[in-house]
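Note that the chains are named A, B, C and D in the order they appear, and that numbering of residues resets to 1 at the start of each chain.
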Amino acid sequence: MTLWKRFATNRGAVIGLIILLCVIAIALLAPVIYPGGPWKMVQRPFLVPFTNGDLPLGTDTLGRDVAAGLVHGARVSLLVGLVSTVMALLIGVPLGALAGFYGGYVDEGAMRFTEFFQTIPNFALAIVLVAILEPTLGSITLAIAIVSWPPVARLVRAEVMSLKRREFVEAAHLAGLSNTRILVSEVLPNAISPIIVMASLMVATAILLESSLSFLGLGDPNIMSWGYMIGAARTVIRSAWWLSFMPGVAILLTVLALNLIGEGLNDAFNPHLKKGRT
Amino acid sequence: QDAGGRIDIVVQPEPPSLMLGLVQNGPTQLVAGDIYESLLRYNTDLEPQPSLAKSWEISEDGLTYTFHLQDGVKWHDGEPFTSADVVFSADVFLRETHARMRSSLAYVDSIEAPDDQTVVFKLKTPFGPFIGVFEAGTMPMIPKHIYEGTDYANNPMNATPIGTGPFKFESWEKGSYIHLVKNEDYYLEGKPHLDEVYYRVIPDAASRAVAFETGEVDVLPGGSVENWDVQRLTELDNTCSTGKGWEFFAPHAFMWLNNREGPTADVRFRQAVMYAMDREFVKDVVWNGFGKVATGPVSSKTNFYSDDVTQYDYNPEKAKELLAEMGYDGTPVSILPLPYGETWQRWAEAVRQNLQEVGITVDIDSADVAGWNEKTSQWDYDMAFTYLYQYGDPALGVSRNYVESQIEKGSPWNNVEGYRNPEMDAKWAAAAVSPSPDERTKIYSEIQKEIVDDVPVAWLLEIEFPTIYNCNVQDLVTTGIGVSDGLRDAWIKQE
Amino acid sequence: MSLITTILGRLVKAAITLLAIAVLNFFLIHAAPGDPAAVLAGEAGAADPLFIAQLRERFGLDQPLYVQLWSYVKNVLTLDLGYSFRQGMPVYDLIAQRLPATLLLTLSSFVISLSLGIAFGVAAAARVGKASDSVLTTIALLFYATPLYWAALMAVLVFSVQLGWLPGFGYETVGSGYSGLARAWDILQHLILPALTLGLFFMAVYMRMTRASMLEVSQMDFVKTARAKGLSGPVIRRRHILRNALLPVVTLAGLQAGQLIGGAVLTETVFAWPGIGRLMFESLEARDYNTILGVFLVSAAMVIVFNILTDIVYRIVDPRIGAKS
Amino acid sequence: MTDAILSIDSLTIDLPIGADRPHAVEDVSFDLNKGEILCVVGESGSGKSMTANALMGLLPDGVTVGKGRAMFDGKDVLTLPEAQKQAMRGARIGMIFQEPMTALNPLMRIGDQIAEVFAAHNLLSGSERRARALALVKEVGLPDPEKIIRAYPFQLSGGQRQRAMIAMALALEPEILIADEPTTALDVTTQAQILRLILALREKHGMAVMFITHDFGVVAEIADRVIVMRYGQIVEAGIAKQVLESPQHEYTRALLDAIPTGTVPELAPITTAPALEIRHLNKIYRTGGSPFRAAREVRAVNDVSLTIAKGEVVGLVGESGSGKSTLGRAVVRLVTPDSGQVLVGGVDMAALDENELRKQRHRVQMVFQDPYASLNPRHRILRTLSDGPMAKGVSKQQAHKRALDLLEIVGLGADAATRFPHEFSGGQRQRIGIARALAMDPELIIADEAVSALDVSIQAQVLELLADLRRQMGLSILFITHDLRVAAQVCDRIAVMQYGRLVEVGPVRDVFHAPKQAYTRELLAAVPGAGWAMEKEDATA
């Protein structure tokens, strides 16, 4: 069975994928759907949803269109999630790979370095970093990446350590391939599946982290993200519950979708499970 | 007036210290106002009232202030309070530790205690607002027997403050609450009425609102919940609110506009900003209708206010014209909001939107409290939100923002915008030392008329922070300083 | 014996790591704009540069950075966390005051998330591929995917405001004068909402891990052996699969436990829980250097201690480890 | 038949959709008699394990019994409700599995795992269970029983674990014992012990044994009756002697033919120039050293000297853990020896620096034991075969051409080049491994258990191929194996290894027919069905 087929047997994962694709489509089309951007004050504040055809989801505390916010927010939330994950992979994978492959002092050094980032609880570290760098989309993404890479490094290290003892790697040594070449083209490609699974979950975690930072007032005030919307609407939760509910649902759906996909990938990559399932 | 009972009041954020002589920020004064007292209090019309001084006289020439102290006042540790304490506090302690007091003390020639119950302040020149500095946050009375000759900042007694006020410090659970208990030896018979007061630390604004709703706290001092919740909370059963109690501070919100460089250095740009902002909208939507659009540097709540100034009504067209005239080229400008919660964030967003609509390229900078202080005091900003207290008199709270001598890097409270106008400086100085109130009114009117055309800063709003409380609490706000002036008179109606 | 020597070795290494971490943290914190004096001055509502200069001198901030670093390192070496100028008390006392509340909250949420996570994971694994598996998984994910601060407020609104069952915030009833059991009961009531909110959030992680691990182990040969012995399904799951499946969960739990100390900033904020997470956040905002550094150092020590504890637990659970290395 | 204790009638087991065929077994019928040993043989995947699992009610998820009955004690065990199956398992039918390493719970003490059998059936009290466990451990001949019952599986050797498994299976004295390839993973001496144990237990308890294996030596040694399976069907059944001596079905004949006979081949002329010289080689593994604790040491290779001439094949035999692989790996420098020299065509490989070594590496190549693990699952075969030569400096075109040629030589055909490893069978993969070694144009090949994982028919193909290559290319080979019969068939000389030392080296015939060392004799005696094989050899000779 191909990977895709095995993935497709997991109904949850397929639903997750569909949801995610929709969110991505919406995010990509945001400038087309709401060319005016999310910040325009278009109506009186606190317009209840479904009462005005032009503003299906109502308006927020300043009279801005909630639907426009959600659509543009999708862009930012996804962007933060994806970019920070890619960055975390870019740091974590090489570091973990080198540590696992060369062992010895390289390993010791790399792991002590990793440990440093793990001794500060990661949310706390993100707060500190954003405070230091001042909240902008870039610094938030960077901060999230910086706190997310250590687990990647550890995972990759463990994978590489077990892979490097595999016989096909030894065969490559015998064939006279250089270490770099072996690491890059023999070892790493075989560690890819757990990395992908982990990455799908990291995107979800990053979206949540961004929203938490936003809540503490450490969001970028120039971008509309879901986290921003919830944070901003939380104080009016009693009089206008829908304002925080809608972006909440958006985050929830996306994170859920990513988790389902992660789970599906996990099952698809795991040869044990394929037997168990019919 | 029923005696007994306890009230719980929200304090936000948690004060760093309760030693009012060392730290004078809002939360500290809110709590320490119960512990420390000064010679006078001020009613909501900002007229002086007796406090530790039962009476006082001002000489004809406005140079000699004589205070007669109350009898039988004791410090919380039982030591008697005397004029020596007053002299020590004003002349020794606060001169060293209290920046705002220090500038007023510059007018003072000598402070003497002819006897235990009398204190005499002699001024070098007349100083109109001087009668306004005898408030607890400005000139708290510090026990001489504890502090004299010690390293004030590191005195261990700072942790257990000793004052003369109606309540005594009992305990402080960091992160949770501060507990004060009734001062049984208080010099006013029958006061205070309450047995104990808890100041509760609840870091999240929404939670503070919930705390009030569930009856966990009885009083939400101004600014402790977001404006959107104010309306809703006041509609709850048995809930009262008052806008009084802020007359002395009269918080005045404006944006520092950097007069030194960038587009904001051009007066036409600054005027355009004034016209571009829909300040009424912000008042109605962001501040839920509380407050009043500011017309100039002086708050209408204080004396010396004049409305004979150019009115900057919402007028985007005019703004665009001004911008065209100056040839604004789209250079981006940034707005630095105050890091004090959602209200200020929304406000900055509304301003950004207004400015964008007249064609100004603008984005919002963001920083936490430390970052905000750093940026404003190092002049690293284009437009920065702030609000300042007026302290009852333009000479105390207003002039510092506009005179050239107050241009000094390193503080966010002086002439941060870098406005220079020597002619105006002379008038500010003259108004401060004029012994005649009428004369002062006249000069301040002139100043206002002129400065409003220069738009050194963009005035926004006279902020009102309604205090929300359980209606059973009576006589909560009796002075122009409100809850921060202590709960000397407050009592709980027993049902 | 071998265990003790190993632990000793780890502790020596840990001490060195801690010192390095302390130095790195120092630079990290000092990289943030602004300093404690500026913040205090900013809050004062009025301050002249003289005042700020006084503060800086008092706090030792007028010294060059390397001098400050040196005096900090000296402090750390003598196990002194320094003095919080802002709060006017030794950082050690400050942390000691706040730590119990945080530990209570995070440990109970840790227990909740771990036990519920494992229970859910086991249940889901036993029903793998069935609808009830998806339902359990989705429920756990819902708790995970709901932003914590929003869920927390919702919990307060429902259980505290609407239903009035539980106190919505704080650590105990202020000024109640309870002591002994009554106080414990009171604290417990206050603990329920925050601990549950935080616990349910982390539950999903453990559940996922347990489920995957259970499934993996249940494919192993020895499970077939156990079945061939005639053991019943539940007994096999409990005695054979679960124990083996817990090994990776233990690792994860160890990592998580180390982070307990500062991992609850949001929960502590919403529930006004007087813990160390909030202390950290507030100190950061106030640039109260010594306090943040102290919190970070304590947290790092905690992480390291928990790593060692995890290893010990691991050795107890898995007899192979001690023998191999 | 009256004494049939278990009788299986037209059993069909359905495989899930997407499996390689619709039924694991189809229409299988046979009887198991009281006290007899029934051996089930057949090629890999023929359905032996599935049949056994079906009887125990332990079919994997998705695999189901399609039809048929298995009557045991008047009841059909296939349709029993789960509770009754549970009661039956362990108590009346016991089972031992192939993998001794993984069949025991790693976190549970041996004694507890045995005692658990009683607990599962609610028998005896706690202390009685312990006592019985101890007795069982003694019975299966485990040394130091008191210690063993408190040991964890990882502290036991493979053979000891297998005995512990047997103890469990025997705990309740079941009437039937099913053993699914219980000795495949064990070395010959241990294997012989286990077989003797099973025979002895059969005598003592009189149980019926269904013994699954693919080793005809084992069959010859213990079987009363034999069933031969292929593609899910029984192709031949009968008394052991009959099946072995006069097989009826052609598949059975093919299987028997493929067994290495132990015939010593003609000695090829051997030039005197050495291809490989090993001088005083030592390797000690140290594990678990820490500043506070001494390391555990294993002398894996202990002062070994050995020379292999150009074109010679030397077999390296010895029981598991004797250091064969370590020696082979030291030659190709996958492990770095502690001392001693390895001269390949006169060049000391041990003294080269990393860069030099990389350039010289192509001269010695290795064929790995596990053909699947040694191929990168993400690379196509073409890439696997040409990466090495290209690193050596051969042009891409030439490397590809050579790769295709090699695929032809090893009998796979050029179209194999574009496929991935998982698309091949085990034997095919092994040949790819050989092709990869050849692609480097080596002077010497180390073949580490290159055929042990294969079933006999495929094993025969690979051995044939090696013989051809040696003839065509004049390769030298160090052939590591623990199967003495295989060694006899392909080697010129045999080196016997024990505890890291070479105890005996000599021409095949000498070593086999006139072993000098006691250990060598022990090894030879342990080969299952030794007598039968010799008979066979004599017959063919």
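The rule we apply is simple: a contact is a pair of C-beta atoms (placed from the backbone, for glycine too) under 8 Å apart; a residue touches a chain by one contact, two chains touch by 3 or more.
Note that the structure is predicted; figures quoted are calculated from it, not measured.
Across the two candidate interfaces, A-C and A-D, the one carrying more C-beta contacts is A-C. Distance between chain centres (mean CA atoms), chain A to chain C: 22 Å. Rounded to whole angstrom, the centroid-to-centroid distance between chain B and chain D, based on C-alpha atoms, equals 87 Å. If each chain is reduced to the centroid of its CA atoms, chain A and chain D end up 46 Å from each other. Chain C has its Cα centroid 39 Å from the Cα centroid of chain B. Multi-chain contact residues of chain C (touching two or more other chains): 32-33, 153, 157, 269, 284-285. Within chain D, no positions touching two or more other chains are listed.
Counting only residues that touch two or more partner chains, chain B has 206, 367-368, 371.
You'll find the chains touch as A-B, A-C, A-D, B-C, C-D. Within the complex formed with chain A, the chain D residues making contact are 16-18, 60-62, 332, 334, 358-359, 361-362, 364-366, 368-370, 373-379, 387-388, 391-392, 433, 436, 440.
By the touch criterion stated above, chain C contacts chain B in their complex at residues 32-35, 38-53, 58, 86-89, 94, 97-98, 101, 153, 156-157, 160-161, 164, 167-171, 174-175, 268-275, 278-279, 282, 284-287. On the chain A side of its complex with chain C, the touching residues are 11-12, 112, 115-116, 118-124, 127-128, 131-132, 134, 204, 208, 211-212, 215-216, 227, 230-231, 234, 237-238, 244, 248, 251-253, 255-256, 259-260, 263, 266, 270, 272-273, 275-278.
The touching residues of chain A, counted against chain B in their complex, run 39-41, 45, 61-63, 131, 134-136, 217-222, 231-232, 234-239. Chain contact summary for the complex, chain B toward chain A: residues 205-206, 209, 225-226, 228-229, 231-232, 285-286, 337, 339, 341-342, 345-346, 348-350, 352-353, 363-368, 371.
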